[in-house]
Amino acid sequence: MKQTSSIKGHWELFKEYVKLNLATALEYRFSFVVQTITMVLNDITWLIFWWIFFTKFGSLNGWQIEHILVLYALLNLSYGLAGMFFGNKNHISSMISEGRLDFYINFPKNILFHVLISRSNWFGVGDALFGLILAAITLSLKQWPLFLLLTLSSTIIFVSFAVLAHSLAFYFGNSSETSRSLNMGIVTMSSYPSQMFGGVAKFLMLTVFPAGFISGIPVQLLYQFNWFWLISTILFSLMFLATSIYFFYKGLRKYESGSMITSRI
Amino acid sequence: MAAIIKVENISKEFRIKEKEPGLKGSLKSLFTSKYKSIDAVDNISFNVNKGEVVGFIGPNGAGKSTTIKMMTGILFPSSGKINVINYDPQKERKKLAFKVGTVFGQKPQLWYHLPAIDTFNLFAKIYEIPEKQYQQRLKELIKTFEVEEVINQPVRKLSLGQRMRCEMIASLLHNPEVLFLDEPTIGMDIVAKKRIRELIKNLNENDGVTVILTSHDLEDVEQVCKRLIIINNGKIVYDGSTKGIREKYLNFKIIQVILNEKTESLNLGLKNVKAVFKGKFRHVIEIDTSKHPIQEVVKKIVSKYNVEDINILDPPIEEIISRIYQNKTDHKDQKWD
Amino acid sequence: MGLTKYWESCKISLYNSLVYKADFISNSLFIGLIIFIFVYLWKAVYGSGHGVIEGFTISMMVWYFVMTESIVTAPGRLIEEIGEDVQSGEIATKLNKPYNSVLFKYAYNMGQTLLRFILTFLVGGIIAFLFLGGVEINWLTLPLVGIVIILALTLHFCMMMLLGIFTFWFEDAKALNFLYNKIIFVFGGMLLPLEIFPQWLAKISAVMPFSFVAYHPARLFVIFNLNNFIRTIFLELIWIALFSGLIAIFYKSFIKKISINGG
């Protein structure tokens, strides 16, 4: 038997999980469809909010409704992809506190990668589709390559942020509520024009709470291209990913396999 | 024989949080948290040779699962050294994983809503088993474990015993040298338990797989393992042959008698008989079988009293452990072989 | 006896929620963040030369939002909670107890709801105060606004209870919760007061029950007006009566269904 865990091996694993997750989703077709529709309706209500807002005020620090549409396209597509292919990201903290990481540790594969791909949030399909449709409406063909590249970096940041937030459970026991709120926080923060923030908020958004790199800067880049910010965004997403991996593995040393955790933080 | 597992002076400490009861406690815990540390495993050492079947027993929370989890790399020991098949489980986790299989009775690995065969295919990908080799191995295992009819049904529809057999197949696909089984028979009925025990025995005898098994069912261990390690409060209190423990500590039995007439107490005129429970009709006694053979005692009871029902039981595991403990504190220097 | 059992239910839920301090802290942090975002949003809008928009100064606007947010998020995931009770049939096992299940749930939930309302209002109020200072309020009218708020929370409960019962037929409680919330966010005027809406939409939204949960109470809080107060209370009561009737009807048919199916 070949005893490596090559990139190819991980890719095969990834495909197998996509297949299995799809099979599970098909077992529950009805709720899958309902969830997808719900997500799209949810996105539409937010767009109605912005439509009301811009009908009244015209613009906000130079942003118009079309910027919001692009922002929602990028946000939905990247968040949807993160959920579809790395759907376990939102369950890491409960897996830690309930000792469900054991399973992954006993396999000859990268633990974090294996954890992330092994579950899918199929309602991410709704988000992703909605994002693609919005992008098709608002973007010109020339903007697409850049749009997809930025979507990729936003997806990476979403996943990394979730890993960071949920790894708190290694240190504090059951942190699912806090981790979930942090995640909801970053999504919420990313769904507003980042140009309106200032001061400390702006600093946080470009560092530990990187909503700026998820949506604000990418949208700006699509309208006013600038090499410096493109490279910064991509470098940042990679660095953020590395940090989250480091933090996860450092925490893993403290993993208690659900043995002794009795209460919540 | 070469040691395949070497465990030297390992300890594991956990921190647990304490909360006072009631509203006051809840309010207090809003602001402060008190921790207490507990030694789940306290300076344990042992070796396991290739081809052995070793049973770990002990009451719940004794530290047996924690020990197994450290051997497979799930937990990091607070101190001490572990070596499994010449790998350090914490540093060389992936390499080790190719050579060991694990089954946790309380943490199923099969996908609940899908047929077991789907999980097998996934595991083949995880272990990167070449397709041909995988199909052949799978065929063998399905035959040995007699699961032809169930592997295409969703796992949720299988019985506990069928599920466990499939769990074991999943862990054996990659031909592991060492198999860790944590509570494999938990919750099963006697027939299913018996099947699983036979399968484990065969696996060891025919394929030479080294097996480490934990259970809190003494029978599991007695029937499958030649060697036994008893853990209590994080310490090894016995490490030796299974036979040996029977001779040394299982020299007493519990007899429960239900009589047809009211009786104050059983009077058998035997020296080494202790009354454990005295009811009007039900009586429980404990006898030392090295002094009085069980037949003798039963004969005596039946001849002397009008018996409705009689039951002979092994003492509970906690009882044996406490006996070993007493013994150990009595002769501190005695070495357990 | 009488009402004391409902009061006890209310108290137990208060204690119970204190145990979940993580939920509480993270919940307030999240709400704090949203209020923080809206402070910046309104700063950006008012910064470009508006002094007063439709009768709202910037601090009125932010305090309005603090109030709507506090009311709307106070019941938590009530629809999902009721949904669980309904789908597991647990609500039916509570039937033979000597109390009205719906009223009991109301009392139980109100304990937590009020606590969360106060907490959110404090967190939001502090943020609003730090960024924009206080808002001019006639303290004498506060008790009156308090009544409107309690009725708003009651109406909110009624609508969520009804949707919770619906989960018996339409199983996905999460989806219902999500959509109901979004409707309150936008059409109930939680995010933006109806004055900002295009006129036709404002007119429709103003008479819908959703705006009596968010818009009307919060507007009375920042701009009190006796006529509006009376009108709001009157309409709140009508909507509560209407939804209570619907709950009674659907609850009965739900109970019938379970007793036929044996739960």
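Per-chain residue numbering starts at 1, and chain names A, B and C are given in the order in which the chains are listed.
Please note the rule applied: contacts are C-beta pairs under 8 Å (C-beta built on N, C-alpha and C of every residue); 3 or more make two chains touch, one makes a residue touch a chain.
In this text, all values refer to a predicted model and were calculated from it rather than measured experimentally.
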| item | value |
| --- | --- |
| Chain whose Cα mean lies nearest the overall Cα mean | A |
| Chain at maximum distance from chain B, centres defined as averaged CA atoms | C |
| Separation of chain B from chain C, taking each centre as the mean of its C-alpha atoms, in whole Å | 53 |
| Computed distance of Cα centres, chain B from chain A, in Å | 42 |
| For chain A paired with chain C, centre-to-centre distance based on mean C-alpha positions, whole Å | 30 |
| Residue list for chain B, restricted to those that touch at least two other chains | 29 |
| Set of chain C residues in contact with two or more other chains | 21 |
| Contacts with 2+ other chains: residues of chain A | 265 |
| Interfacial residue positions of chain B with respect to chain A in the complex | 14-17, 19, 29, 33, 38, 40, 65-66, 69, 72-76, 93-95, 97-98, 100, 102, 104, 107, 109, 111, 113-114, 118, 121-122, 125-130, 133, 174-175 |
| Touching residues on chain A, where the partner in the complex is chain C | 31, 34-35, 37-38, 41-42, 45-46, 48-49, 52-53, 55-57, 60-61, 174-175, 177-178, 180-182, 184-185, 188-189, 192, 196-198, 201, 264-265 |
| Chain C - residues contacting chain A, complex | 20-23, 25-27, 29-30, 33-34, 36-37, 40-41, 43-45, 171-172, 174-175, 178-179, 182-183, 185-186, 191-192, 196-198, 201 |
| Residues of chain A defined as touching chain B within the complex | 1-6, 9, 12-13, 16-17, 20, 23-24, 27, 99-103, 105-109, 114, 173, 253-257, 259-263, 265 |
